[in-house]
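Order as written gives the chain letters A, B, C and D; numbering starts at 1 within each chain.
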């Protein structure tokens, strides 16, 4: 079977239906929240998810057992790009961060009982969730090993103490997946454990909502405090002390699904720029006939095609369990995050005053939304560090360098 | 007298006083408006300007005759950078856009009577002003010759009809300087005239405030309508049909003063990043000892030094009336606008989650503020077009190319 | 059948055999010509091609009928990258430019008689060929429609007159494929015809060899003169006046095979850099542990992976005859040509003095070889123009812009 | 005295005379050596230097006492740029590397006797010299502290042992300035001493000439061996163990004079591109009217102006002995080296086939010449490291980070 890029017909049909749903239903709804998903009312989420169910495009990534279309990552690549064409699209399809990544994690590491209790309603859109890992300095950030939140054994369970911030979707979430240190000290490479914590558990509270540059995630980002927050033993997610390994289970695919959705946003920005370039004149030409505009448009097409090719390649590696998947995930996340930013930035430049207007086109908003993607899910620098380390590894000299010559 | 970069002692003292005033008075006031100048209350403007007067740093660019320090552009370069360290600094010193450029224009082309009537209160901070040139498509934008607003002779004066948008500071301004076509048709290189229009003139009204990515200018940007708006003959600013030439009188220096203020903002962002790099640890090192962070910090230092050197060079050309000033203004505006964006972007990246937080550091705001500078005052593409055209001009072949060979 | 990237086993085996042949036989032979393919003796070509036949890796792209392995473009992508790891690799496998592209062209448009006469010995490595299209200014260059060489009907055939330059491989070639204008005038989009011209045809002569930055093609680049050069009717290749269309038949795949070979060269440069980074110390660390070196290494890995993904995608489009192939070919050629230059440039920087030494590492040579690839086969600017034009096309307004608003 | 950029009239006259001499005498001579300074015959050097003396432009940087024009660095900035317009220009004026830097070093640290013996003939062009610091790995390279060549006290002087490579101008030089370790071990920050070694001193020999990418320096680069090479006590240059400090005396200004000369080369490349852009047509336009070409031309003008402004600023800091000079030298060297490479690269791209032709335009040669400048005199990475370290220094926290919070 040779290398091939044809999309399976059912996936292609789902992608086409998603594109139509986004165009006909989701984009018209953007004006209800000024394009800000953060500020979208709960009722809008309900309406859009109902629409997605009726259009047959709800939960593309969720296994059939839990009511979804059961797409593998290659299928998700095609459908999520179509969904990401509007910032509200992933919310409508119930494949937005952080819920989508949490569903994947639960499917992979939760017990059957935990799946029934937490995954089932999450997949159905009945509750939302959050993933509580990042901490204020000097805690876990770009370097997760700095983890400072602790979980201490108490009779019948664990007591969690610590502080988390930039926790997306926490406000209004039904439960949180919390990473806490069960052994070792900050800086140690292991010793973390994940816990499932219901929103109403005593000792867990939202300290404040954090206002950020982006407003593209439902409910935004919050700071959480854990103060003598006790959970029972059956709320340990995966094995004790295996939290960092389980985080990888979530993060690899989650990075790629972010790339897929943001690629859709980049395509949207480019289409706005193309429409402008085809209709607006300056200096006696249609904008699209001016060389510098053509250069920007072409560079964005190149960025989009290269992103798409890398995403598909990486999705295949992840779907087949290849050992190359970790390196390609870092490569793709770094490239796509930066490419998406370039595409949106160029679209803004081409559209001029319209590009920086917050109300008359979606570009000013997209510019704010895509910038943080170069930071979360591992900053570009952390991924580049990992990429280089893997690449150099086979060439490291065990011998002292003085003897090795040059 | 050899080439030299020493700042004259009185200018150096004014710059130091400005820096101290910004640090001690202006930056603490930022939290009163969440850093958004657009949303700053009128009372804050009054308080800050009063403080600037008391600190002896008010109106550095205004001729002594009108109560200012009478700095030339080289002096302004040093002082405006210090003022721009806070977005509120230029407002406090009454050297913010668009008033600062309008003062310069009035000083250069207004009659004595007009100066007394319009410049005097503007220089004193008693009123604000706006400059109404940009129009909705297909009117004047990156290409000002597309001007469509008309001014028609009527007995005793002129009747202005048309529409303007993205007019900064219009809301609450005491008067507008309005560009209108008095001869020719859209696309013609001449035929424009400037008019001084009081805010309460019948026929001029604010249609709406335009929400934009940036919020760094007091009163934001508005859309204006002119409908049978009649002004008397003595409100013609400069000669009839010489509006485009007069716009150049304003725009050259105005582009450079923008560069100076934004360079201060870039310096602020870099200082925030340096503070972070010197105190925060990750992967076992202070951030500032990690190579990729060092690369970003070094590139920003390079961008800042190159910007400053170009600004000083161009200010000198403008101060001495050199014919090279037009080319260097385009060169500097293009380089500095892009450099400032890079510096802020890198600071955001270095600061990570903090960099995209809207409340905990000024970086997320600065990121939004500096982006439009690559578009207004001539998009980078328009300046590059002008730079290349001037550079190629002496090499153009008058002969048909076929005969010229290669 | 889902999207997939597994290489068919026979292709994988051929690629592995090619990699081994290059490593064991070709790279050791580089020192015989100082790495300069241009200066390689004819005997070295013979020896290497004999070695390739013995290793079973000769002519991977040639249809079985003519003695090759008959790979499609996806297969070529994998094998040509392995061959390109040495500049001498493609010569050894008889898949170097311009012969490889000429074989493809002949296979597609030649008559059976012409195939037997020209393709058979070319595929077997018995003769070499050249493709004579580019002309000195103001003739055909980046814009092929400027074609000035003429072919005029004479009894029994055609008389060719004109001048060509930068014709790769012309010196010593057995025959040339010559593009000449058979109707219309320079600048017209049609009217070109291809001719097969034996090297000993009276009226065709090599004027001079052109010394260029690159020396990576056997026999280098020459300037050719055609003076009353008469060929018979059966030497028309393809239909009369269809030369530009036939050039596209050659150029699309030829651009991609260039990308494949140069990607191998980039991989070589990166491996040299990795070896250096893993063994050389400075400032108390192995180079590969310094952040700025890691950034360069990571960026090169990203460039290589994105190039490979784009090449495979485009090869699939070409193999399946997709209408998207033209756009993707332009996208890939532009991206890969620039990526390959970046990768080699970074490797030079990492290796320092060694990187610019012409004898002690292959990097200085590679730097020279890859630079022209951003110019030939269509400069990046021409491809960007084409990419943008295709992207804007569906958005062009038929209506006058004034009515369209913005 | 305000900031000003006017060039003193005598310097302006010398610069104009230099520009004329380069245009009328030096550029026509380029064809005698194919533009390769490395391959230029000794006689051509003599002829050109005689011409420079006759034109009154010889030795612009040399103090009047030794027969030169005694320019400070600001004056050199203007004149060296004019000289650098041809690769042979600095050779003609006797201000090429490494002699020019060695003259500066001798003037600053040599004894009167040493000046008379070594500086006098060097300044007059009677002999050439070299500066022997760089060593093969793992010796002194980007990190000079790795110095391994030793100088051991022997009766009446010192015995030097070790190996040096990439020593520019060594072949045919009258003497070498040699850096050797007189105390401490490789890696120590001190312990180096400089020695003046006559070319015919027993024990010093040229091992081989190193072929490199660039050929722009007379006599190229060599590898030197020191084997029991004994020099007398009066050949110590500066104080014992102060070699690294003395190297800084040489390197700061030498980095800037390199920048000045290469800026001239960049200007040459840009002028070739402008000439092409003004005369060559493609796609129905003069090249210079195509937007993407305009963008390249404009970016090169920007790079040139920013480089010039930075050079002048840094020259002033060095001339006035400012403490900011070290940081600005690193900033300028890094920016200018990269800017010059970009300018030449764009010129090559604009000129297409002509740009990569080694004989028909100087661009292919310039491309090779400028690349190593990003590596020698400190690679860009080393300078960025130094820039960042200096910038972060005032922000380093003495306190443990855990207590500092963030």
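In this text, contacts are C-beta pairs under 8 Å (C-beta built on N, C-alpha and C of every residue); 3 or more make two chains touch, one makes a residue touch a chain.
These numbers were taken from a predicted model, which means no experiment stands behind them.
Asks: What's the farthest chain from subunit D if centres are computed as the mean of the Cα atoms?
Replies: For subunit D, the chain whose C-alpha mean is farthest off is A.
Asks: Counting only Cα atoms for the centres, state how far subunit C is from subunit D in Å.
Replies: 38
Asks: Subunit A to subunit D: how many Å between their CA centres?
Replies: 50
Asks: How big is the gap, in whole Å, between where the Cα atoms of subunit B centre and where those of subunit D centre?
Replies: Computed value for the inter-centroid distance: 40 Å.
Asks: Where in subunit A do residues touch at least two different other chains?
Replies: Each of 137-138, 280-281, 290-295, 381, 384-385, 401, 406 in subunit A touches at least two other chains.
Asks: By the document's touch definition, which label belongs to this structure's chain graph: line, ring, star, complete, or other?
Replies: complete
Asks: Provide the residue numbers of subunit A that touch subunit C in the complex, in ascending order.
Replies: 1-8, 72, 74-75, 270, 274-281, 286, 288, 291, 293-295, 297-299, 301-302, 305-306, 309-310, 312-313, 315-317, 327-328, 331-332, 334-335, 354, 381, 383-385, 387-389, 391-397, 401, 404, 406
Asks: Under the touch definition given earlier, write down the residues of subunit B that touch subunit A in their complex.
Replies: Residue list for subunit B touching subunit A: 134, 137-138, 141-143, 146, 165-166, 187, 210-214, 280-284, 290, 292-293, 348-349, 352-353, 355-360, 364, 367-368, 371-372, 374-376, 379-381, 384-385.
Asks: Which of the residues in subunit D end up touching subunit A in this complex?
Replies: Listed in rising order, the residues are 136-138, 290-295, 401-402, 405-406.
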